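Heads up, the next two complexes both have chain A, just with different partners, chain B and then chain C.
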Partner chain A sequence: MNGIHDLGGMHGLGPIEREADEPYFHEEWEGRVFGLFFANFAQGHFNVDQFRHGIEKMAPAGYLQTSYYEHWLHSFETLLSEKGIISLEELDRKQAELSQAGDT
Partner chain B sequence: MPMLTSEIVPGLVAGGASCRMDADVAPKFKPGDRVTTININPLGHTRLPRYVRGKTGTVARDHGVFAFPDTSVSGVHSDPQHVYSVRFEGEELWGQDANARSCLYIDMFDRYLEPA
Partner chain C sequence: MAHDHHNAPPSDTAMRVKALETLLTEKGLVDPAAIDTLIDLYQTKIGPRNGAKVVARAWTDPDYRARLLEDGTKAIAEFGFTGVQGEDMVVVENTEDVHNLVVCTLCSCYPWPTLGLPPIWYKSAPYRARAVSDPRGVIAEFGVDLPEDVEVRVWDSNAELRYLVLPRRPAGTDDMDEDQLAELVSRDAMIGTALVEAPAS
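Right, the complex of A and B next:
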């Protein structure tokens, strides 16, 4: 699909920042999201093409305002809810619980 | 239902979720062949970016046989075909605005290519 993910050749997005000794993950949650890919993949919940398409279907404004691993998480939430493995209500409830507990 | 076990994690992390398929499929092209990409605008998934559609380049390498993403997005790996590294000159992609020394190597599925 001709989605916002297909950024090749676009101007105005700013320079690519190169970090010395760049870590694999900048935040602990990014490592967890990375691990979620393999857990879900091994259980057969989606293949890599479905995973990529889940990112491509993000709303353009949201895509540009979120980071790389947020895109991954968005795809997991979309695919798992589409397949009925989790419900969005369940997800909202758990997120509310966690933010109440201060463990975000 | 298969589960993620500690034994399979290193291979998965190192190799990614590879879509390589063990299928006996003849390649349409060989290194050195001139090819032109098709112009498609599907609503579904594709690995053919807009800026490479309808462009002419040269096959640099044959990577072997992989599942076709445009159909495998249905959930089942399907339509196995060769994937090539194809070289496009900067000027072919970006016209007079290209850096004169730039070129792009991009992995292209057999189905995206026609003889130039």
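Right, the complex of A and C next:
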């Protein structure tokens, strides 16, 4: 499948930025997303190919503007809602509920 | 750019993730403690020190080196470095004439059991784009001065197949043992964006 994820040879993406002593996760939520991959995988909600396809189906502009673990989150939401494991409406409600509770 | 957040402030993303984890936990599909364990495992136990042990053994044991180049997956499994994202491993050897560089242009496929989780630059769009179009330039940018006549081979990883570079053993390390040699091997040397240097004496 040809798509925005197929970055090999693309020009104009800027310099390669490196970070000394880079932590594995820059923010706590990145680690949670990483762990959720295994949890969902172990439950059989998707395999690796489906997971990647979930990322590859992202809108091209959004793909380039979001980070690695945001791609993962996007794929979880797509796959889990497509399979009826969660609905995006209940996820929105849960997010609003947590935000209101001031729970960060 | 990889860890910028152009669309939403991080707190929104953090809240979204928390909502997803909470929802799945309430449905009995996720155990937060298991996620804690996984995060700890990949932060403290699975990393490039694993790959460095493989490299050092290949440098000191010719039979092991032969097994490693013949069937990377099997030879790496002798150390117990198996599992997710390391199911099918190919080891490519640097020589006097050939330098190898690993990328995943489509995604960020990387050998987790031997190298741990990839650095952001490996997952970034600029590296994925340029590693295949200008590998010499990328390698130079990382500070490696490759002679013109050294052939550069670029290996594009995928979901099934992952590569590990077997770097060249530096000169002047004949009296070092396997553990000491492993200390010299960096993550980047096993991706192909660095060489292994002998310790300054």
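Quick note on the criterion: the second predicted complex is superposed on the first by the 103 of 104 C-alpha atoms of A that agree within 3 Å, B and C clash if a C-alpha of one lies under 4 Å from a C-alpha of the other, contacts with A are read in each partner's own complex, and residues count from 1 in each chain.
Note that in this section a contact is a pair of C-beta atoms (placed from the backbone, for glycine too) under 8 Å apart; a residue touches a chain by one contact, two chains touch by 3 or more.
Model, not experiment: these values are computed from the prediction.
By the touch criterion defined above, A:G84 lies against neither chain B nor chain C after alignment on the C-alpha atoms of chain A. Of the two partner chains, both chain B and chain C are touched by A:G8.
Of the two partner chains placed by superposition, only chain C is touched by A:V33; chain B is not.
In the overlay built on the shared chain, the residue A:L98 is in contact with chain C alone; chain B does not reach it.
Touch criterion met: A:T66 reaches chain C, while chain B stays clear of it. Of the two partner chains, chain C is the only one that A:F25 touches; chain B does not reach it. Looking at the shared chain after the overlay, A:R52 reaches both chain B and chain C. Within the superposed three-chain model, A:G44 lies in touch with chain B and out of touch with chain C [touch as defined at top]. Contact comparison for chain A: of chain B and chain C, C touches the greater number of residues. Overlap of the chain B and chain C interfaces on chain A comprises residues 6, 8-9, 38-39, 41, 43, 48-49, 52. Considering their complex, residues 1-7, 10-11, 13-24, 27, 29-31, 34-36, 38-39, 42-43, 84, 103, 105-108, 116-117, 119-121, 123-133, 138, 141-142, 156, 159 of chain C touch chain A. Note for the complex: chain A touches chain C at residues 5-11, 13-19, 22, 24-29, 31-36, 38-41, 43, 45, 48-49, 52, 55, 62, 64-68, 70, 73, 76-77, 80, 85-86, 90-91, 94-95, 97-99, 103-104. Those residues of chain B that touch chain A in the complex are listed here as 1-5, 8-9, 12-13, 16-17, 19, 41-46, 49-52, 67, 69, 72-73, 75, 77, 93-94. The touching residues of chain A, counted against chain B in their complex, run 1-2, 6, 8-9, 37-39, 41-44, 46-50, 52-53, 56.
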